[in-house]
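In the two complexes that follow, subunit A is the common piece, with subunit B as its partner first and subunit C second.
And now, the complex of A and B:
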């Protein structure tokens, strides 16, 4: 068989699957968002003039930026250790990174409530140690949402960074050392620049995933920490206004796609998946 | 979408194991945990197989919440129905009204009967989801007059109230919060508070806190501006706006808040079964009355059997069984003949409780819920 034909054959099933179960429903959703007894932009006008959706969208972006930054700061050192340590230590660390990933989102979000609540572990420890006289209001804040989401998304960030770092040629580091570079200099001038495509890719994946979060902000957030998915659920299941819900979803989808396109233009995320720069 | 009730059930099971195994050695604990995990998937099979069902007989389908709700329905309605007709009830969980609406829009109604949650009942009737009841199959004389709120279109089922619930540890004596004005009074009753993230009945609470009595004639039509101005005053003191029943229970079981507006059945469950040191205030509770009803779906696959099912759900005894399980009150007034006082006084329709409550006027709400929900959500963000 010619390689081209083989490629199409291999791609076939997933293409059909995506077409039927993803592209088609998305098309229906887009169609619905323009429908008000005929073609109309009324739902979009609603969406942009009500104020509610725009402000919640901004909250969503703010939270996602915070979460992405947090994941990167905490995840980079872990990924670096993973990429540079021996096989035994690496296996142990990988299991530790993956273990929380296999736990359900809701269970993990509930665990944060146990930790951060008024009578939670953190507050009790602080009071018993005499650090604070009264429980601190840490649950139901932007902070608690961010912490919960970072913990949930961290494995994704770490694994993306790690897989990019694995492709860095260790020979280059040895060469740097052989030419007298200190470990910190070889990290700064060789390893870190080469790991940047991984950083860009990890940031993008983490950011876009956090845009769609629903359970964690609903359970750990206060009234001003609402994210756009929560509103989409309210509009579609409580108000049964599926056209408006579709319009909000389309805006979220378009914004996410725009981010990917613009991002790709500057950082060329193809490199993350092994493409050449 | 995740299933709140299944998770709740899982957490309950885990909690039970942890309580039972306190003090056991590591090995014994692991064995016990393993047993619990092994039996968990069997639960569904077991509860399903207890009823001997004729496989060839037609069955009917309904939708509802999972967990304890399903168990209560099984005991109160499904078992008597199956015993009488030999037909099984297929139960789809969790309850999602949007799904029912989608079935209707697609012209493929898969459900025969439904008990839509609170305002969803008038909504379903308005959307033309129901079909007329066949009184030649349903024994009208077994029902009480108040159950005919919807005439030939539904039989009122259970009653629910959303009540003020307070922490008894904090206010053990007689000087405890007794009204929405007290809930609003953060100087007299300091402490974290929680309200439901839903525009109704928050507007009602706000007006009662502002001095309007719990009398539908005086409270409706709602003065929306005045209600939001009153809500403005309490907004900074609300720690959490809860969205689910299990969240309500978690908030009082972990004593996360001292004052909360929550569903009476959930409160009683937390207080009696899970040791939450809280107390329900029936005064000014938002009482749903006969709003919730069982209906037969238009386009139901098995309308004949559905009518037979309707002959069960409105009767006194099944409603008493349901109330005993979940503390949501009966609409059939004769059900109180079957209920011991200890249970009866925990129910929204128990006359002393109902008399001091505010009967919600959902006719006023029906066309206003959507715009007011948007206004409420916007207000939350400001």
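And now, the complex of A and C:
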């Protein structure tokens, strides 16, 4: 069989699947977002002039930034430890990192409700210890959403950072030490700069995934912490305004794609999965 | 641990005392003891897996010994981390920092070890780059350089802070033959110019012979023999050393008689030869191996050989013309004997010719014959 024909045979099933169940619905959605008894931008004008919608988009953006920063700060040391440990310790730690990842994130979001609720574990502990006289309003805030999302996305960040760090030549750290660099100088001057492509990649994946989060903000957030996916659900199922919901979806899609395109322009997306720059 | 510890001398740049390193069940370095004189060029030579690189890594401090000790100028350093050992090092793949320019790579050890004013730093980097003949590429990144240029940057980085000890792990291994030979000459000149102690690891015997003051031949984690290149080539202590350094004809036999000056050896194929008895000549009945270097062997077409020379009849197997000399492989009753004939002689030889190979008995070196297992 000619290689070309083989390529089509291999790609064919997934291409058809994607065309029918992904590209087509997306095209219908995009079309609907411009439709108001004829071609129109009215839904987009509504979206960008209504204070509530704009604030939801800003909240989404801010929360995603916070989540990305939190994942990076917590994940980098873990990834570093993974990348620099011996094979046995590494296996144990990898399982520990992946374990929560295998647990459904709806379950994990509910667990956070149990922990952070008015009479949850955290508040009980604080009251019993006499730190606070009455329960703190932790749940249904920006913070509970952020904490929950960080916990859910952390494995993704750690694994992306870790795979990038694995590609740093250990010989370079030997070279740094042989030429007088203390472990901390070696980290600052050699390891950290070389891990930056991984940091950018991890930020990209974490941020773009955060933008579209639904369940966690819906369960752990309050009214003011509504994110864009919740808005899409509300507009389409409560308000039954499918055109506006489509417009919101298109905005989310375009922003996500834009971030990926800009990243690829500077860092080449291949590198995230092991390709060379 | 048993046995007397060699006392580390303060005059020695590096002393290894019964240094031992085990990886799992493999004894990578097995009780290696050695004195490296200050300012010398010492090469660890051996096939892969002989423990030479592991020994270098123990000296660098990348790994810790299981037993024994490394001394720098008489002081034990096992508890001194690598970055405080005042080293320079050239790695096989160079290990240049890919995110730094040539200037920053070379300036790295200076920035780590002694804070200098910008102008002094620039001057030190420039003079070191001049030493390795690589000026004008300071702003380039390693990936923009050829292999040979990267090698020079790696040398400059190792030398710039003028460390007392320079470690080199097969630094020329990735270069082509011509460049390698050129760098050998330059490296020797650099060694003379800077006066540091150079510890060099290679599996290339020609490289070891060309550059070193002292060669340490290693095998299976042990030191097989230590000596100057000339000593090792002319007087190898074992068959392994004889074979590893240069080409060797090894003829197996047994001593049948011994007088003060002469030893009579019956080779396994039936030939009887008379060779000079050395100081520690084996006794009659003992097995020996006769080492004859190919350059000492002559190939004659006629049967006439004067009785003074050791001679074996044979048939030419192969004639390989190499320009400056010709290699003749001759099948004899005692096995294959290789001769190197200098100049343009040997043009009349062809496979199948009956010949006589011969050599002066003084060219024979007696080696112990390992007892058959």
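Going forward, the second predicted complex is superposed on the first by the 246 of 277 C-alpha atoms of A that agree within 3 Å, B and C clash if a C-alpha of one lies under 4 Å from a C-alpha of the other, contacts with A are read in each partner's own complex, and residues count from 1 in each chain.
Heads up, the rule we're going with is that a contact is a pair of C-beta atoms (placed from the backbone, for glycine too) under 8 Å apart; a residue touches a chain by one contact, two chains touch by 3 or more.
Please read these numbers as outputs of a predicted model, since none were measured by experiment.
More residues of subunit A are touched by B (comparison of subunit B with subunit C).
Of the two partner chains placed around the shared chain by superposition, neither subunit B nor subunit C is touched by A:134. Legend: residue contacts after superposition of the two complexes on their common chain; A:185 is shown touching subunit C, with no touch to subunit B.
Judged by the touch definition given at the top, the superposed model places A:50 against subunit B, while subunit C stays out of reach. In the superposed pair of complexes, A:176 makes contact with subunit C only, with no contact to subunit B.
Of the two partner chains, subunit B is the only one that A:119 touches; subunit C does not reach it.
By the touch criterion stated above, A:193 is placed in contact with subunit C alone, subunit B being left untouched. Overlap of the subunit B and subunit C interfaces on subunit A comprises no residues.
Looking at the complex, you find that subunit A touches subunit C at residues 169, 171-172, 174-183, 185-186, 189-190, 193-194.
Subunit B contributes residues 2, 7, 11, 96-98, 101, 192, 197-198, 235, 238-241, 243, 247, 250, 254-257, 369-370, 373-374, 377-378, 380-381 to its touches with subunit A in the complex. The residues of subunit C lying in touch with subunit A in their complex are 60-62, 81-83, 86-89, 91, 93, 95-99, 108-109, 112-113, 157-158, 161, 167.
Listing the residues of subunit A that touch subunit B in their complex gives 50-52, 55-56, 59, 104-107, 110, 113-114, 117-120, 137, 139-140, 215, 218-219, 222-224, 226, 231, 234, 236-241.
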